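As written, the chains take the letters A, B, C and D, and residue 1 is the first residue of each chain.
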Amino acid sequence: MKAVVFDGAGSVRVTDVPKPTILDSKDALVRITHSSICGSDLNILRGKIVLEENAVMGHEGVGIVEEVGPAVTRTRVGDKVVIPYSIQCGECENCRKGLVVFCENGGMLGHGKQWGDFGGTQAEYLRIPFADANLHQVPESATEEQVLFVSDILCTGYQACEYGGIEPGDFVTVFGAGPVGLCAVATAKLFGPRRIVSVDLADYRLVTAERLGADRVLNPERLNVVEEIKKLTNGKGTDVAIEAVGSVETFNWSFESVRSGGRISIVGVFPFEKVGISLRDMLRRNLQMRAGRANLIHMERIISLIEGGKLDLTPLITHRMSLSDAAKAYEIFAGRSENVLKIILAP
Amino acid sequence: MKAVVFDGAGSVRVTDVPKPTILDSKDALVRITHSSICGSDLNILRGKIVLEENAVMGHEGVGIVEEVGPAVTRTRVGDKVVIPYSIQCGECENCRKGLVVFCENGGMLGHGKQWGDFGGTQAEYLRIPFADANLHQVPESATEEQVLFVSDILCTGYQACEYGGIEPGDFVTVFGAGPVGLCAVATAKLFGPRRIVSVDLADYRLVTAERLGADRVLNPERLNVVEEIKKLTNGKGTDVAIEAVGSVETFNWSFESVRSGGRISIVGVFPFEKVGISLRDMLRRNLQMRAGRANLIHMERIISLIEGGKLDLTPLITHRMSLSDAAKAYEIFAGRSENVLKIILAP
Amino acid sequence: MKAVVFDGAGSVRVTDVPKPTILDSKDALVRITHSSICGSDLNILRGKIVLEENAVMGHEGVGIVEEVGPAVTRTRVGDKVVIPYSIQCGECENCRKGLVVFCENGGMLGHGKQWGDFGGTQAEYLRIPFADANLHQVPESATEEQVLFVSDILCTGYQACEYGGIEPGDFVTVFGAGPVGLCAVATAKLFGPRRIVSVDLADYRLVTAERLGADRVLNPERLNVVEEIKKLTNGKGTDVAIEAVGSVETFNWSFESVRSGGRISIVGVFPFEKVGISLRDMLRRNLQMRAGRANLIHMERIISLIEGGKLDLTPLITHRMSLSDAAKAYEIFAGRSENVLKIILAP
Amino acid sequence: MKAVVFDGAGSVRVTDVPKPTILDSKDALVRITHSSICGSDLNILRGKIVLEENAVMGHEGVGIVEEVGPAVTRTRVGDKVVIPYSIQCGECENCRKGLVVFCENGGMLGHGKQWGDFGGTQAEYLRIPFADANLHQVPESATEEQVLFVSDILCTGYQACEYGGIEPGDFVTVFGAGPVGLCAVATAKLFGPRRIVSVDLADYRLVTAERLGADRVLNPERLNVVEEIKKLTNGKGTDVAIEAVGSVETFNWSFESVRSGGRISIVGVFPFEKVGISLRDMLRRNLQMRAGRANLIHMERIISLIEGGKLDLTPLITHRMSLSDAAKAYEIFAGRSENVLKIILAP
């Protein structure tokens, strides 16, 4: 079958790899119909995540179940399904505690032998272990494009809001209007804030932020973000700051703009370097910081909100391309050219 | 001054009563600019609440501070303020626990000597004890009509949602589309449900429910409500049922339509008779029931949401009348004529 | 194999039944070493739960895994395990929501065809479907008798406390000092109450309540319970009332003795008749009521507390008998003779 | 009157200062019977907190109300009261939100003009503004020494546990067994952990930790703390780490020893320097960090637990001295000599 693989240097190529098969009684084989490229795919290309040559890329995907092992009961052949970015067994101690991204038998898709060697979604087929614990049916009334981002960034955005502990009436600031930040903006509305502010350097992204629900957008190139947030909150600061970039600068803005007793939620992926934080100040201001990869336990809830017409992230889709054109797609995505947000790849 | 008083029989009249004055160092004197008539005012007329003759009516109101006692620091003369339906001292054990409607030194406005004898809002002036603990400033960008319902029904509707524990993705059913039920519909949106269903016998109320955010309206005259809710939820039932009527029938619908593990929130005022409830069934289905009068601790939060443009209950205002026409206003309100929802009275 | 079966009339007998075998790839076969008799077993004998003749009884048990199906990975032959009273598949929508006692593919042990026909624990062997989702390993440092009650009543008692929302400093009253009520007393300590009061008519049970952590015991034969609780709380009432009996009288005491803004937790099994409750009063006093069968998601947490020496319910064990003497054991248990609390049956 | 004042250099002296008087209608004048020396008093001596010469020291205290202003209603002359370390008005926006240590009209006792200039408790008398919002009655059945630490360190320890989100069954590690760390150990028991581990370099402090409830004590001089915690938790790490020291080393131990998905609670006061933290690792491990000064809203709850016999911190009292001997007392406390934990000063 065709698949997008890492070339070992700094880019990807489309090549033929063996089609996966059912190996375990709990496996399902899924024919991928839609996948997309994620910011963390770029981290692989840039060497921030070390991947072996020829590993299949991709951890976001939707497809159709083609075959299931004998112990699979909940998932049926022909089901249209969303695939989570991280595989869980559903049975180990961490899974039972709800810490499913720390599954002792699972790991991340599209990360080669780094995290379990489970294959990737940027391919024609994918074997999904523990199928019943991982695959979620796409509701009849929803399209593949509507649910595709549930694989990862929509769960991440939702979790950013949950980790921020947003309560009705809160003032919420989301730093970064890339795909994850935009998902945070869109899901923040589910928690009843009085105002959502989106911060980014790229104006085309801020336009989408407004379309997805931001009440106000700020471009740090044109004003002092921290001062502006203080001004908008009578000098108090934002109740919740969501860091969706992963840079020292945006973290510092989060830290400085949050009010006493406020909460910082971190979903941006930071480089290896430590960040200097004043714990003295954190104590004096009674701050809370919570960070994490999307834990996936809210997939069903989020799908039901899409089905109910309460969440629509299709405005993120700026490009639809063929899997064969993956190299070109990666180039656009990495270069942030053509006002790109998310690129859908279809075999 | 002019005031609406209970005539001791079954109606009200407008008469002259002594203008209140500052009695305690923590008092404020408020000149009322807007008040309204509430469903519980009708309970007084109908004898469900026993009130002495000539007691001033009304517990919803907005006004301007005209005078303050020497120990009042937070409230200033000239402030435009919302008045809570129930007075709190802010200092007793219950107040400190957040149970402010159980204040040991407070009580309800407009209920004569029943609950503290604090006067009522359907008058030209009102003395507010413990002014700093009770009065909330109206933000500059909001009108009196926008914040008036914060006095009572908007806090009640918000609490109905809170007591229902609505989480993002929940299916929510509100029984009753009177003013309180409609406030519950409008505030339910703040909690991210996948669907809000409003149930009432009066179609004109259901029209307002849709305008305020109901995704679906059901009139029990035309269909079996419990069956319809089951159908809309694949047989599972509603996650949250809000009872905003106070009748055995609507309670039973709430109980029957809620899913296993679901929550029933009760803000409807029931008659004195006990209601037969199967505790066996409640156990078997892991249900939760929570009831209560609005506890008022969320007033500031709700005002900030109105200021932020996220809540607008002015569609409830169907009539604006003079305080002098209160008798006529009560007649319309009690008769549910003229498609009435809420009547604003202005001196 | 030997098993305790329902005789179709009002008692049990020990007889030979076919030994169960692995039927599904996710099954495990457990050799039962310890089981016990529960209050709900008596409901079967008394006809409150309709069971077919010759159904195997029992839903509390500990044993050793003798065989596993090919899809079982977490559970191993030779494991010493606790068996939950209710079987879950771990994969259906309810299981994934944590509502595991509403599993669409599961049901209660020891209840014949009423709830899934899964066999019972009062036997030499038991087949456990979805073994990995149901069986919990007994830690090395704990005995079978220490963990046996995790099957049901210890989870029920824990849930009673959780549903009561006990917070540090709360005054907690547990109505009923039968096995479930005593488990509630013992687990209430985990939530930091300032006082635990246990109420029962049988003094020998109150003695055990004190041993397990009750600060005060009340026998309604000797005083007015509601008045006493009011006196102990300066007239305010108990913060949390746990109903662990299932009678109208104890429910009414719970309702009357709870403070304004308080919480009633119901784990007692009530008869079919409805109970008259004043919803008017419930609203006026801002009460919360929550009922439910133990939901089992806390089994691991409770086992870890036993292992850590923080919970010890072995004082409940008043009798240790042979499975062959089950008829006699049921007689003692039903008659509440010999100061019985729990009877352990061993093959 | 006599008072302990800062000498402007690095120590204190006892001198005569004017006796405070009622200045505002909401004031109370308290005759101090017991005060104590806190770790943050040493920060003043060491110049970490800049205080003007002759400022009265002390923010922990118990006393008797001698006089009240005309607007004080809840507090009565003759009341035996606990004084909070930080004054709140009870009426500003922060107070109403429960963020009472951020009171816009309040500030810390014993910190001169740094935070409000309210005087200190290490004196014969103290004026307490907003008396009704600040003073808490000592229950008849409790002694002054039992409630004294509610002023500050007991609230801080309780909050450390609350910020750590301890749930029944959790493994809890408290870094630091000074007075605050020991209060965290004692209050952790209220949350039902399966194990409490106390870490400190001073063995005499670890002895008290065991007496107050630690299941295990670790001295980093004798073993690798992080490795030991991993070993005690099967390699997983502690569920909750409480940092009660304020040093980079103990913070790093907290960070390294906490499990994936775990929580770090910070109540130690750090120096001005920033601490390097890997936000990348924090994200990868889904960690939560929460820091803060004790927010005082739990004072009544904690007093009720002391009254109920569930909390007893008098083992912290190692010295009882006269206010006149304050200089000597500070010397002992600063030098950690004589196995000191807390020193009570009485006029």
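Definition applied: contacts are C-beta pairs under 8 Å (C-beta built on N, C-alpha and C of every residue); 3 or more make two chains touch, one makes a residue touch a chain.
Since the structure is predicted, the reported quantities are computational estimates derived from the model, not experimental observations.
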item: A-C against A-B, pair bridged by the larger set of C-beta contacts; value: A-B
item: Chain centre separation (chain A, chain B; CA means) in Å; value: 41
item: Residues of chain B whose C-beta touches two or more other chains; value: 97, 300
item: Chain contact topology (line, ring, star, complete or other); value: complete
item: Residues of chain B that touch chain C when the two form their complex; value: 94, 97, 99, 101-102, 163, 246, 251, 260-261, 266-280, 282-284, 286-293, 295
item: Contacting residues of chain A [partner chain B, same complex]; value: 158, 167-169, 187, 189-195, 215, 298, 300-302, 304-305, 307-308, 310
item: Touch list for chain D against partner chain B, complex; value: 25-26, 70-71, 73-74, 89-93, 96-97, 105, 132-133, 300
